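In structure tokens below, several structures.
One chain, chain A, links the two complexes that follow: it is found with chain B in the first and with chain C in the second.
Our next item is the complex of A and B:
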């Protein structure tokens, strides 16, 4: 084999701890990338993948230093460069695409100014030549209006477009190596797929050598030629993508693969049908309340749902679709503008002040971000004792015993009780968060993206715990997530939200086969599969150009109208869609008949 | 009790060791003045009002290390007594201002809505009153007494403390753990004191130090104008005033109390800067 283009040998990175002692966070990492190939660094948070990626730019984060090893790109020994040479390397020879494009763009400058900055700094091209090249890149990245998009400002384009624009920014200097650090993690799945497609096209077409950092094996399977599996700063396994996916050798790789393919955690055993939570025609939002009694910014509209006792309802949708607001309305944090919520047969006030302590106790909410949901000033013990004292008046020794039981229930050692949240890992904090909800002995737990901020393996353990608690304690869940495979794994019934409207709902089995609502279809088809070649196999997305008739649109039209590939001109943009019930028992908000939908759909039946 | 005290001493020592040089200087100055206020009067070589020397505006001698004042009294003893008065009055006023400001701020931020709005506007109105003018008017109307001075200073600095505390509380209020407490059905008092307050103590302590410095300067200024602490008592500000005619002789009697005020305020500032710098580093 010829000399590889990028070679990392025996890389060690040391970080200074709080006591001033040094510890190696990256230990003896070696890999090589031949020219024009894509290598993926995969691992959980803290595995050192970003630290290694940054070392390719000769950058060590504050408090870190390169302890040993070499990084060679072409003929350049990156770690021996001085500041002046690094300045020329970065953005010229090696470029970097960060996770959050929104944070990487300056809102005060036009996109074109920022995209061509690299060539201006390195003085490689004239302004007009680099603008021509930028437009070519915009076209290659499938951005809309490639000639005009450069004159817009960052806030005028969508998140997915901004991410692709950042790729253009990175590629404009024709670097020898591109480092992509979790470039699609912050995007919705339906957006992610577009961005991945664009990245893949550009990288393949230009023969760029790239390093793709991610925690998501399914995404990596689409992008990379080779995979390096990392944990705790060490290489666990490396090999060709297909080999790693199909014949993993290391236990750690196997656990990653297992967590990426969630197994069903519910049983289809018959259940009681007494409704615990019923929501009818719910509307909610924020802002000033208008003359019609509805708030200015409407987040939820005409939501109906029922959670039978002991069952789990999954709510799925992309960011901004109103799923968190739904949980907050049920929890009483956001007042409902319209409709009614009934809990265990009784009407439930949606205003906090009108609820009884018993109602508070029976409905507990578990927030998404375990890092911010536990008060940093309190110990775990006092966090868990509070609901005991507040709802039940349990204090003193009895409370101490109960805290130990609760910690045991969520599989945490009792010795954690006297620690503070900052001393716990993310997964541990999420367990404490759950234990606090359980301390109230609730009937319903509202889980708002409880695994989203966690690593896959840790998240899978939390899902197992939720399923186990459901069996042993008989609690019901309203389970909110953006991840369809998670929802499928834990929920009995599923509800798909789009722009605050319920577009599809039904049992888990009904949602595993077409016909789907066009949005649900797109959502399901956008989840990357854990095999190579999935992305190439997808049919190109058809979008019908939108007729500019927004001004006189009647109310209640289909919320997915603008993006719908199956829209019927003259019908969908005139009449509100009916709520159809299909023989499988699912409800779909669409004009098209079931068979008609199924014929056009991307997905066939899903085997779970 | 002794174990407890040793515990505090070791903590103070550990704190000091972690500080940069400027912070250590500030720490030493603050410690010095705290001890002076606590023990000074019992260490003072002479009674505060006793005329002990024949020459006025005497210079540094072994008998009178800081010289003598315009009546021939021992300056060291006068400063030790004055420091207790200055620090005591300022501490009382600063505590009153910070406690009142923080309490109103947390409650107002927790309750929110139009109450929060109303209280905020009222405080904005109060903050526009110049503190020295207010103090002069108060003394002119009611006469100078330590209680009145404390009340006036506390009143002047409450809106400032309120503003800082409210902006901190507003930030904490939106955090998830406060939302979680609301969803649990907790009352306003619990959310204010148990959930919000502990997470704003550190910046509020820094703010308290600043308020203390402001009050020291206000009270000293009042005393310098002859409207603060009245004879026979003397705080540091009145010591400067009564010996002002010694300025032309370069007498230590006027320089030393001025230096005392400067070192006290600079010391507190240095310490606060070092502490808040350190806590923001920890957060990063």
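Our next item is the complex of A and C:
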């Protein structure tokens, strides 16, 4: 093999802790990348992958320093460069694509100003020449309105577009090496495909060497030639992508792979059918209430759902589809503008102030981010004792016993009771969050993206816990997620939301076979599979252009109309779609007949 | 597209008009409060004017002449009408129109404030930005100690020391700045040097510290790390990326500090014998000269509201998310 383009040898990075003592957060990491290849750094949070990626730009975050090792790009010894040489390296020879484009773009400057900034800093091109190249890149990255998009501000374009614009920003100086740091993690799956395709296209076409940082093996399988598996700052295993996926040698890699393929945690055995929660024709939103009694911004429209006692209903959809608002309406945090919510046969006031304490107790909510939900000033004990005293009137010694039971229930050691949230790991905090909900002994728990902020392995353990609690306590869940494989793994029934409308619903098994609603079909087809070549194998129809805005449609029309590959002109844009019930028991909001849909569908039956 | 941008501009205009309307309502409320408080002030202007030996009949006659016998509401209405037409009433002590008194003093105060602003704002912003860029290093720590000690020393002490050093010991500058007969640039400098220096000591520190905090807040943002990784030099990062995002809080800090320059400078005015509006108000309070007190208070409030309004407008217009809502 020829001299590799990038060579990292024995890299160690030290970080200063709060006490002033230094600890190594990256230990003796070595890898090499031949020219034009893509190497993936994969690992969970805290594995040091971003720290290693940033070392390729000679950059250590505040509080960190390079303790040992070399980073060589071509003939440049990156870690021995002085400040002036580093300015030339960064954004010139090596460029960086950050995880959250929304945060990495300066909100005060136009997109074009920021995209061409690199060429201005490095003096490589005149302003007009670099604008021309930027427009070419926008076109290559399949961005809408390539000539005009540069004059907008970051808040005026979507997240997926910003992420591609950042790729343009990174590529405009024609760097030898591009570092992509979790560039699609913040995106919806349907958007992620667009961005992955665009990245792949430009990286391959230009023969750029790239480092792709991710926690998601399935995404990495589409992008990388080689994979380096990291945990706790050390290399666990490295090899060609297919080898790592098919013949993992290290236990840690195996656990990552196992967590990426969620196993079903629910049984299809018959269950009792007394409804616990029933929602009929629900409409809700925000803003001023108009003359028709509906709010200005409508988030949910005509939602029907039923959760039988002891069952789990999964609600899935992309960001902004209204799934969190649905949970908030059930919890009473957002008043319903229309429709009815019944709980255990009784109508449930949708206004918080009209609910009884008992109604509060029986419905508990668990939020996505345990970091912000748990009061950092309180001990775990006082966090758990408060609902005990409030809902059950349990205090004193009895409360102490109950706290120990609750911690045991969520599989945490009792010794944690006197710690504070900051001393716990992310997974432990989410367990405390769950124990807090369980303290009220609820019948229904609303789980809003409870595993989304967690690493896959930790999240999988939380899913196991939820399933076990359901078996032992008989609680029901309204399980909200953007991740279809998680929903499939834990839910009995699934509801697909799009733009606040229910486009499809049915049992878990019914949702594993066509015919699907065209949006559900796109959603399912967009989940990357854990094998190489999946992205190339996708039929191009998955990538129909995403419409710019969800402009207001005439009332009642299909919400998916402007993105639907199967729309029927003259029908779909004029008449409201009927709610069809197919033989499998699923309901689909579409004009097309079941067989007709199935014939055009991307997905065939899925085995779970 | 054109329609959309027109809608955007319309919404920005609406936002601005909204702020102006709020400012006007606040000013009206403030006028009521000022009127209420000044009418509760102990002492009676008629009694004060005529002295202890005046007969009750003389006091009553003067009260009637001054309109003090009318109901408070009627007096407030008359006063507001006067304010709206520029008639600030007649000074009880000097027996001249308040407007004339203000007209001799206000331009002087505005000039002092303007000179101080021109000197102090650039210094404060530079100190703030420089210490933000070198945060935690020795330069930042020294600037921190310097600005903190500046703000901790009372202004009469600074003024007195300045007079001792520059006027008494070195004899470079006159001890008094009564601002009459300024004919040349050097005279202007000699008159304003010490009052401006003293005032700068007071307000530079505040503005610099707020600027530092606002810029540091932005320097921790992801887009700043992104700019660093694009190869931008520290000055470019601070001035082109962080500073535009910090304009809103900085404009507010500057407005708050500058508002002090009209009403809060009475110590400086009296030490240097400078004929500004703050000393006019203090004299009026001692004389129970209520019309002058009211007029001065209204001027201070108006200036304060105007500065805050301008700061808000700067924040709105500099932010594309508010500008293009």
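We adopt the following convention: the second predicted complex is superposed on the first by the 594 of 608 C-alpha atoms of A that agree within 3 Å, B and C clash if a C-alpha of one lies under 4 Å from a C-alpha of the other, contacts with A are read in each partner's own complex, and residues count from 1 in each chain.
The rule we apply is simple: a residue touches a chain if its C-beta (ideal position, glycine included) is under 8 Å from a C-beta of that chain, and two chains touch if they have at least 3 such contacts.
Everything quoted here is computed from the prediction, not taken from an experiment.
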{"item": "Fit or clash between chain C and chain B when superposed on chain A", "value": "fit"}
{"item": "Contacts of A:422 with chain B and chain C, given as first, second, both or neither", "value": "neither"}
{"item": "Partner chain in contact with A:107 - chain B first, chain C second, else both or neither", "value": "second"}
{"item": "Spatial angle chain C-chain A-chain B, Cα centroids [nearest 10 degrees]", "value": "30"}
{"item": "If touched residues of chain A are counted for chain B and for chain C, the larger one", "value": "C"}
{"item": "First, second, both or neither for A:372, with chain B first and chain C second", "value": "first"}
{"item": "Partner chain in contact with A:59 - chain B first, chain C second, else both or neither", "value": "second"}
{"item": "Which of chain B and chain C A:91 touches, first, second, both or neither", "value": "second"}
{"item": "Touched partner set for A:291, first chain B, second chain C, both or neither", "value": "neither"}
{"item": "CA minimum distance (chain B, chain C), superposed complexes, angstrom", "value": "5"}
{"item": "Contact residues of chain A, present in both the chain B and the chain C interface", "value": "none"}
{"item": "Touching residues (chain side chain A, partner chain C) in the complex", "value": "54, 57, 59, 61, 86-92, 95-96, 98, 100, 103-109, 117-118, 121-122, 153, 155-156, 169"}
{"item": "Residues of chain A defined as touching chain B within the complex", "value": "331-333, 352, 355, 357, 360-361, 364-365, 367, 369, 372-378, 386-387, 390, 436, 440"}
{"item": "Complex interface listing, chain C residues touching chain A", "value": "221-223, 225-233, 236, 241, 244-245, 318-321, 324"}
{"item": "Residues of chain B that touch chain A when the two form their complex", "value": "175-177, 179-180, 182-186, 194-195, 198-199"}
